[in-house]
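As C-alpha cells, here come the structures.
The two complexes that follow have subunit A in common; it is paired with subunit B in the first and with subunit C in the second.
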Partner chain A sequence: MCIMVARSRLPSKFDGESPSVGRCNREEPMPKLTIDGKEIEVAPGSTVLQACEEAGAEIPRFCYHERLSIAGNCRMCLVEMERSPKPIASCAMPAGDGMVIHTNTPQVKKAREGVLEFLLINHPLDCPICDQGGECDLQDETMAYGRGKNRFDENKRAVTEKNMGPLVKTIMTRCIHCTRCIRFSEEVAGTTELGAIYRGENMQITTFLEQAMESELQGNVIDLCPVGALTSKPYAFNARPWELAKTESIDVMDAVGSNIRIDTRGRQVMRILPRNHDDVNEEWISDKTRFAYDGLLKSRLDRPYVKKDGTLVEASWVEAFAAINTGLAGLDGTQIAGLVGDLNELEGMYAFRELLKGLGATRIEARQSGAAYDVSNRASYLFNSGIAGIEEADFCLLVGTNPRHEATIVNARILKSTRHRGLKVSNIGPAHDLTYPVEQAGDDAAILADILAGKHSLADRLQAAKRPMIIVGEGALARQDGAHILKAVHDIAETFGLITEDWNGFNVLPTAASRVGALDLGLVAPGGVRGILDDAKAGTVKAAFLLGVDEIDSSALQDCFTVYIGSHGDHGVRHADVVLPAAAYTEKSGLYINMEGRVQMGERANFPPGDAREDWTIFRALSDVLGKTLPFDSFDALRAALYKELPHLMDIDSLPKAAWGDFGEPGDIARGPIALPIHDFYQTNPIARASDTMAECSALKRSKGEATGTHG
Partner chain B sequence: MGTSLFTARHGKRVGEDEQGNVYYLAKDGKRRWVIYNGVADASRVPPQWHRWLHRTTDDLPEEQAITPKPWEKPHLPNLTGTQEAYRPAGSLHSGGKRPAATGDYEAWTP
Partner chain C sequence: MLEVTKSGGPFRFSDENQDEVKAIIAKYPEGRQRSAVMPLLYLAQRQNEGWVSREAIEHIAELLSVPKIQVIEVATFYTMYNLKPIGRHHVQLCGTTPCWLRGSDEVMRACTDMGLEKGKSTEDGLFHLTEVECLGACCNAPMVQINDDFYEDLTYESTKAILEALKRGETPKPGPQKDRQFSAPEGGPTVLRDMMSADAAKE
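== the complex of A and B ==
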C-alpha cells in the first residue's frame, strides 16, 4: 500500500500561502501580461490564475483555493499560452513578464471539456440525493463545460465510506481528488489528520486508521469540498440551499466575533456557515460556531415562570412582572445586583443596565469568569494587536491561555503566522497541543515577575523581537492576583518595547462574546462576581438579576430574590424565583464588540419560541411595571441612546486603536500554576450544552482522552 | 329476492371463498356472479376469484396453478370510510400526534 500525502509540487516559493494580488513588493518588478488582449500588471509572485482573475477572466477550478497551498492536480484551470505547445494549468504557473494568455479560445474550451469528462467518469450521478446539490462546484462547471452525454461504458469506481466523526459525513465515491481537505487540515487546522492512500484513480482520502477527526476547525472541510464528498452530518438531508433564507450575522460562541451566515427555513435555523472577513475569521469558523445550532431547539425557555411554594410554575408576563414588583418591594439600590452573561448583545445589556440604574442598583457586573479587567483603560481588555496583526508579530508569549479552545480562529491565525511568517511562540501556563510548536516556559504565573526583573530568558527573547506580542488569557486574570498579573504584563509591555507608535503587543483574550461590549458599557462592580455572590450568601444582596448568566455557582443565590432572563433552562434558572424567556442570538438583531474592539452588527434570522421576547423589550416593559419607565419605545430609539453614550459604536467594522495608559494593580504574584477557563471546548455556554451534536463531540473527546491517556 | 330466484333457477354453484362469498356460473355458461356473505361490496372478492369472475380465466381458484408468495398478505376489502381505514402518521384520527416539523423546539420545564 502506498501512502502519500498530497503536497505542493511547486518550488518552495509557492508553498504555503499563495501570493496575493495587490500586495506589492517594491524590489521586484511587476510582471506585465496580456490576457485576452488586455494588458495587465500584477504583483510579483502572482500566478497566472490570479492575473486572469484580476483581468476579469473567470477561470474554473476545483483544487485551487486562495487560502491553501497550490496543488495543481485538478487541471480544470487550463489556459492557452502563446509559444507553449500545450495548455498550461494557470493556478500553478507563475505569472511571467510578457506572457500572452488566452482564456476563451476553442482550444481552451476543448481542453477543459476533456478534463471535466475525465472527472465525471468516476463521479456518481446522484445529484438529486446529494446534499451539495445546488451549491456544487462540479455541477456549476458541468453546466459550462460538460458534454451532453457519457462516452464511458465501464463501471464507475466505488469507494468505501470513511468514518470522520460526528460532524463530517463522507460519500467518498463522489470525491474528485482535489486534496483541498488534506491541505486544509495540514495548513490551517494544523492537525495532520487527513491524508490519501493508494494512487491514481484509486486514491482515497481518509483519516489515519479511520479515526474521527479531532480538529476544532474540521467543519470547514465541508465548505472546502467542491463536490458532495464531505458534507455536514447534522444537516444531512435536512434542506436544500435554495429553500433557505440567508441572514448575515455575528457568532457569539467565543469572543472572536466570527462573521456567519444563518440559514433558516421557516422558524428553524438549519445551518450556520462562515462569511469571509479577512481581518477576523478569514473564511473559517470553529465547529462550535458551525454545529451548536441544534441547541437552539433544546431546553428553550418559552414562557415565564414564577416560583410558588418552592417550585417554578408557569405564569403570564403580567404575573411574572407583578412577582418581580413584590419581590423588589422595600429593597434599596445597594441590595440589588445585576449580573450579565456571555452571549448578550449591546442593546440588551444597555437596557438591562438602564433598568437597574433606574432601580438605584450600583452593582452591575459582567466579568462572569472573574477576570480582573480594568475598565479605566480600554486598551487593558482588548486584543490590541488585532487578529490580523498576529501575522506581523515575530514573537508571541501566551500567558495562561489555550487559544485553541478559547478562540479557535485566533489559534488558526497564530498557526498561519508560525508557518509563513516565522512567528515563535512561548507559553506560560499549562502545556497543550496548540497544533504548532510552542516553547513551554513553565506553569507558574510568577515567571512574569522574573521577566520584569530581567531574570528570565524570555526577557531576552522579548527584547530581541522586533514585534513581540503577549496574549493574556482569562485563566491568568481570574486568579486571586489577577489585577497584579495585569499590571505585570502591562509593565512588561512597556519595558520590552511592545508598545510603539504603530504596534501594540499587549493582548487580552476574553472568552465571551459579550465581554468587551459589557466592559465598554462599564458593567463592573468592585469585588466582581465573587463579591456579589459572597454578599448574597451573607444576606446583604437581597435581589439579583441574571441576564443569561449560567457559568456561576448559582447556589449562592439561594436565599436571594433572583430573576433570570435568558433563552435556555441551564444552570442559571436553578435557584431563580422568576424566569423570563428571552431570545437567543439568532433571534435578535444587535451589536457585538469582538475581542479586538471591532463593532459588528448581527441581524435577526428567526423568531424566538413561544412567549419569549427580545431582551430589550422585556426590560422596557418591566420598567413600566416598576414605575421607572425607560426613555425608549423602539429599537431605533434604544440604539440612538446607546450611540449617544458610546459614539464609537457607530463605526461598524472599523478597528480604532485604543489609547495606551496605566492599568492594573501593582502587587505580588503568587507562585503556582494557572487554571484555564475552558475545560471542555464543546460545552462552554447554554446553547452548546443544549446541543446534541456538541454533546456527541464532547463525549468523543473524553473517550479518546481516556483511551490513550498519554497525550497532552 | 330477484337475484336469489334467478340463482336458484339458472345458477350452478361453483365454489366459495374464505369470506363465505358464494360464486355461481349460469347453466349455459354465459354468466358468472357472486352472492356476498354480508355487505355487497365488490372489493370483497379476492384476486383468485376476481380473475374467474371477470373471465380472465376459466379455471377456478383451486385449479389455478398459483401458489401465494410468503410475503403476500390475505385479501382485505377496501376499508376506506370505515374505522379500520389507513390513517397516515399524524392524522387527527390516529391519536392526533403530528410528526416533527421545521421549527419545533423542546421547551424547558422546571
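== the complex of A and C ==
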C-alpha cells in the first residue's frame, strides 16, 4: 500500500497537459497540510486527495483514478478547506502548504449526500439485474455516504445501449459520466476510441458511430467503470461476485506474466481479472488474458488416447502408458527428442526434462518459435531493463517486434513513457500501428549492421540518448541468421552505451510464458526445433514427446512415434500416437518466469476435467512404467529438487540483474525484411484458439482489415 | 442513437475554401492544430448547405490527425452544427421569455401554418425550423434568424409574408419588420427631438 501511494504521486500518472497538478520537482519544498487535525507532509505535486489518503482519511470518489489524468467531474471527493467559501474537489486540488482540510464535518457529509442524490437522479435502481452488483462503487458509496432516501419523483433519463464490440457490454442508462473509460482509451490504450457525445444530461459514452473497439486492452474499461455501465459481455449474467472463489495466479498468454485473479465457481473458471503489480502489469491485462478463459472448456483432452489402426481411440492411463512403453521399445536416447510448448510452468518442464533425460534423450527443445536464443548467458534472453524500466528510457529501438501483439502490457508501458517521459521510439521491422508515434526505419535486418558500422542515423540517435534501449523480438531472432542478429544487437548495445553500471538497455521480447523458464532449464538442442523436425522426417528421430507443443508443423512427425501431453486437442495431437491429457494453467500451481526474469508463482484455481492430470504427476507415473522412476513423490519434493538446481527460483518476484557477457554468433546479416511472429493476436495458443470469444474478436479484426485494406 | 448522415460522396473542401482552411490551421501554434476543429466544422457546414456530413467529420479528423470520435464529440456538443441535411432556409425561432412575451407563439403559428414543423425540414427541402434560445435581439422581439439574417418585430402576418417571399425565391429585407430603424423607437426618435430639429433647421 505504501509503495502504491508513493508511486501514485509521480507526475507520470497525470496527463502531461493537466494544469491542475504541479510538476514534481525535487527541489520544491514538501507542502505541509493539516488534515482532520493531523499535520502531514506530502511530496510536491500531490493532490489534496492523496494527502488525505496518506493521513488515513478515506475519500470517496468516482472519476478519480490513480493511473489516469484528473477529470474532477463527479464531485464525490468534496472536502472542506478552511478559508474556502465552498467545499473543494480534493482530487483536482494541488496540495498547498498550510492548507487546513476537514473530511469529517457536517458540511462534507452534506456535500457527499448531495452529490450522491444527484447521481442517483438518473441512475436506474436496477442493482438486482446488474452485473456490477456486489462490486459497484456507486452501490458501496451510496451505502456508506448516501442519505438512504430518494426525493426525486420525476422520470429518469434513459440512454440507448451502445455497441462496443464482442467484449464490452453496455447499459448506458447506468453511466454516471465519470469519463474514466474515455481517459483510459486515450491515455493507456492509446487508441482513443471512446468519447462522449452530446452534453449535459444528454451526454452519452460511445465509440465512433458505435464501431467495435479495436484496442487489445479494452476489457480494462470494465474494471474501471465505477458502475455497471460497462460490463463483461462474455460474463454477462453468469455469476455474482460473492459466489466466486478467488485465486491469485499468473497469466500465460504472453511472456509478461501479468498478475491475475482467477474467479471460479465449482470447477469452472467464470472470469479472469487483473491484480495490481506496479512493476509488471500495473492494473491492466490484455483482452486475451481476460477473455480467453472460455477456451478452457472447449476441445479439452479429458482422457488419454492411443492410436489404433490410424485413429485415436479413448484409452485408460494404463493402456496409454503401456503404448508408450511399446513405442519406445528398442529406441536409444539419441532417437528420442522432446519439445516444450509455450504455456508451461517450470515444475512440469523440469519433470519432463528429467523423464527424458532418464530415457537417455539429449535433445530437448523449447524454442518453439525458432528464435536463436543463446542459453550461455542469461542476459541474452531477458528483458533486462525491466518493464517498469521502460519509463526510465529516453530512446527505444524496436527490432522485429510488434509489442502491441506480442506483449500488450509492455506496449502500454511504452505508450505511457512516450506520453509522460518523452520517450522516442524507432522501429526496424514491418510498420504497425503501435498506438504511439514511431519513427519507421525500414524493415531490413541489415540496418543493424549499418548501425554498428556507424553508417545509419539510428547510430546517432542511440549515441545521443541518455538511457537508450533496444527491444529485439522473436521475429528477428527466428530468422536463419537469428544468432547473427543477436550478436549484432549485443554489439550495438555495447558500442552505444546501452550497458552501464545501473542500466541495461538490451531487451529481448519472448512471446511465450514458458520461454524464459525453459531457457533457464537449458531446454535447447543444437539445430533447434527445425533440426529435430528435419531429423524426424529423415527418420533419425524415432520418438518425440510434445509437451503442449502446438505451434509447429506437426506433419513432420507423421512417421515418428509421437506422444502429446497437453490440455487441448490442437495442432499438436494431429499426428500423435499417444495423447495424455494434462491440466491447463488455471488447473495447476506452478512457477513462471516472465520476460524480465522475474519468478512468479501461480496457484491452482480449479481442477482439470475428466482424467486429465497435472503435468508433473503424469511424468512421475510414466517414469515408473518406463522403469526410470523420477526421484520425487510429491510436488514439494519436486520443487525442492528444482530449487536445488536453480536457486534463483526461490527469489520470488524480484527483478534479477543478469550479468552481462558475450553471446550470439558473429556473422553476416542477410538483407531482407523481418517477419513478425504473431499474425493474429487473438489466436496464439491452444486455449485462445478454443475460445469462442477470441474467435469472434479475430474474425472481427479480419473483417475490418479487409474492409480498410490494411492488416495487423 | 447518434445519427450522422452520410452525404454519399467523399468530402473535400472546395477550391475557394482551401486557402481558408490553411489560414484557419495556421492560427494555432505548432502542435495545437487540433484546435482548428471547430472553425473547420463550421466551414464544412457552410460549404455543405448548412450541415456537416459524416464524410466531412472523417475528413476533418484526418486533416488534423484527431481521432474521429473526438471530432464527433465536438460536433454533437454544439447544437449549431447540423448533422443531417437541413432545408435551404434554416429558420431559427427564438422562444425565450422576452420573445415569448412579445408574441413568439404567433410567429410559431405562422410557421406551422406555412407547413414548417419544429425540428423538421419541409418536404420540398426549402425550410427547416428549430426553436432556439435568446439570439440577443430581444429589444426587437419577437424574432427569427433565417440563415445569416435576423428578422425582427415579427407578427403573424409579417412572418408569413417573409416565408412566402422566400418560397417565391425572393430575398425579403432583413431587420425590423416594422417602421423603425434598427432598434430605434417605433415611428421615429422620441428623445433629443429638439436637437434633431435644430440640426435640421441649420441645414
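Definition applied: the second predicted complex is superposed on the first by the 684 of 712 C-alpha atoms of A that agree within 3 Å, B and C clash if a C-alpha of one lies under 4 Å from a C-alpha of the other, contacts with A are read in each partner's own complex, and residues count from 1 in each chain.
Please note the rule applied: a contact is a pair of C-beta atoms (placed from the backbone, for glycine too) under 8 Å apart; a residue touches a chain by one contact, two chains touch by 3 or more.
This structure is a prediction, so every number in the text was calculated from the model and none was measured.
J.: Determine, for the superposed arrangement built on subunit A, whether subunit B and subunit C clash or fit.
T.: After superposition on subunit A, which the two structures share, subunit B sits beside subunit C with no clash.
J.: Does the superposition put A:Thr207 against subunit B (first), subunit C (second), both, or neither?
T.: second
J.: Applying the document's definition of touch, where does A:Asp302 land relative to subunit B and subunit C: first, second, both, or neither?
T.: first
J.: Give the angle at the C-alpha centre of subunit A formed by the C-alpha centres of subunit B and subunit C in the superposed arrangement, rounded to the nearest 10 degrees.
T.: 80
J.: With the two structures laid over each other on chain A, which partner does A:Arg267 touch: subunit B (first), subunit C (second), both, or neither?
T.: first
J.: Let me test your reading of the model: by the given contact rule, A:Arg199 touches which partner, first (subunit B), second (subunit C), both or neither?
T.: After superposing on A, A:Arg199 lies in contact with subunit C but is clear of subunit B.
J.: Between subunit B and subunit C, point out the one touching more subunit A residues.
T.: Comparing subunit B with subunit C, the partner touching more subunit A residues is B.
J.: I'd like to know which partner A:Gly482 touches here: subunit B for first, subunit C for second, both or neither.
T.: In the superposed model, A:Gly482 contacts neither subunit B nor subunit C.
J.: Contacts for A:Pro609 in the overlay, against subunit B (first) and subunit C (second): which applies, first, second, both or neither?
T.: In the superposition, A:Pro609 touches subunit B alone.
J.: Compute the least Cα distance separating subunit B from subunit C in the superposition and give it as a whole number of Å.
T.: Minimum over all C-alpha pairs of subunit B and subunit C: 35 Å.
J.: Would you please give the residues of subunit A that touch subunit B in one complex and also touch subunit C in the other complex?
T.: Residues common to the subunit A contacts of subunit C and of subunit B do not exist here, since the sets are disjoint.
J.: Quick check on the complex: what are the subunit A residues that touch subunit C?
T.: 160, 186, 192-199, 204, 206-210
J.: Write out the stretch or stretches of subunit A touching subunit B in their complex.
T.: Spelled out, the residues of subunit A in touch with subunit B are 265-268, 296-303, 305, 311-313, 568-569, 573, 606, 609-610.
J.: Could you pull out which subunit B residues touch subunit A in their complex?
T.: Touch list, subunit B to subunit A: 102-110.
J.: Which of the residues in subunit C end up touching subunit A in this complex?
T.: Against subunit A, the touching part of subunit C is residues 1-2, 4, 54, 67-70, 72-73, 76-77.
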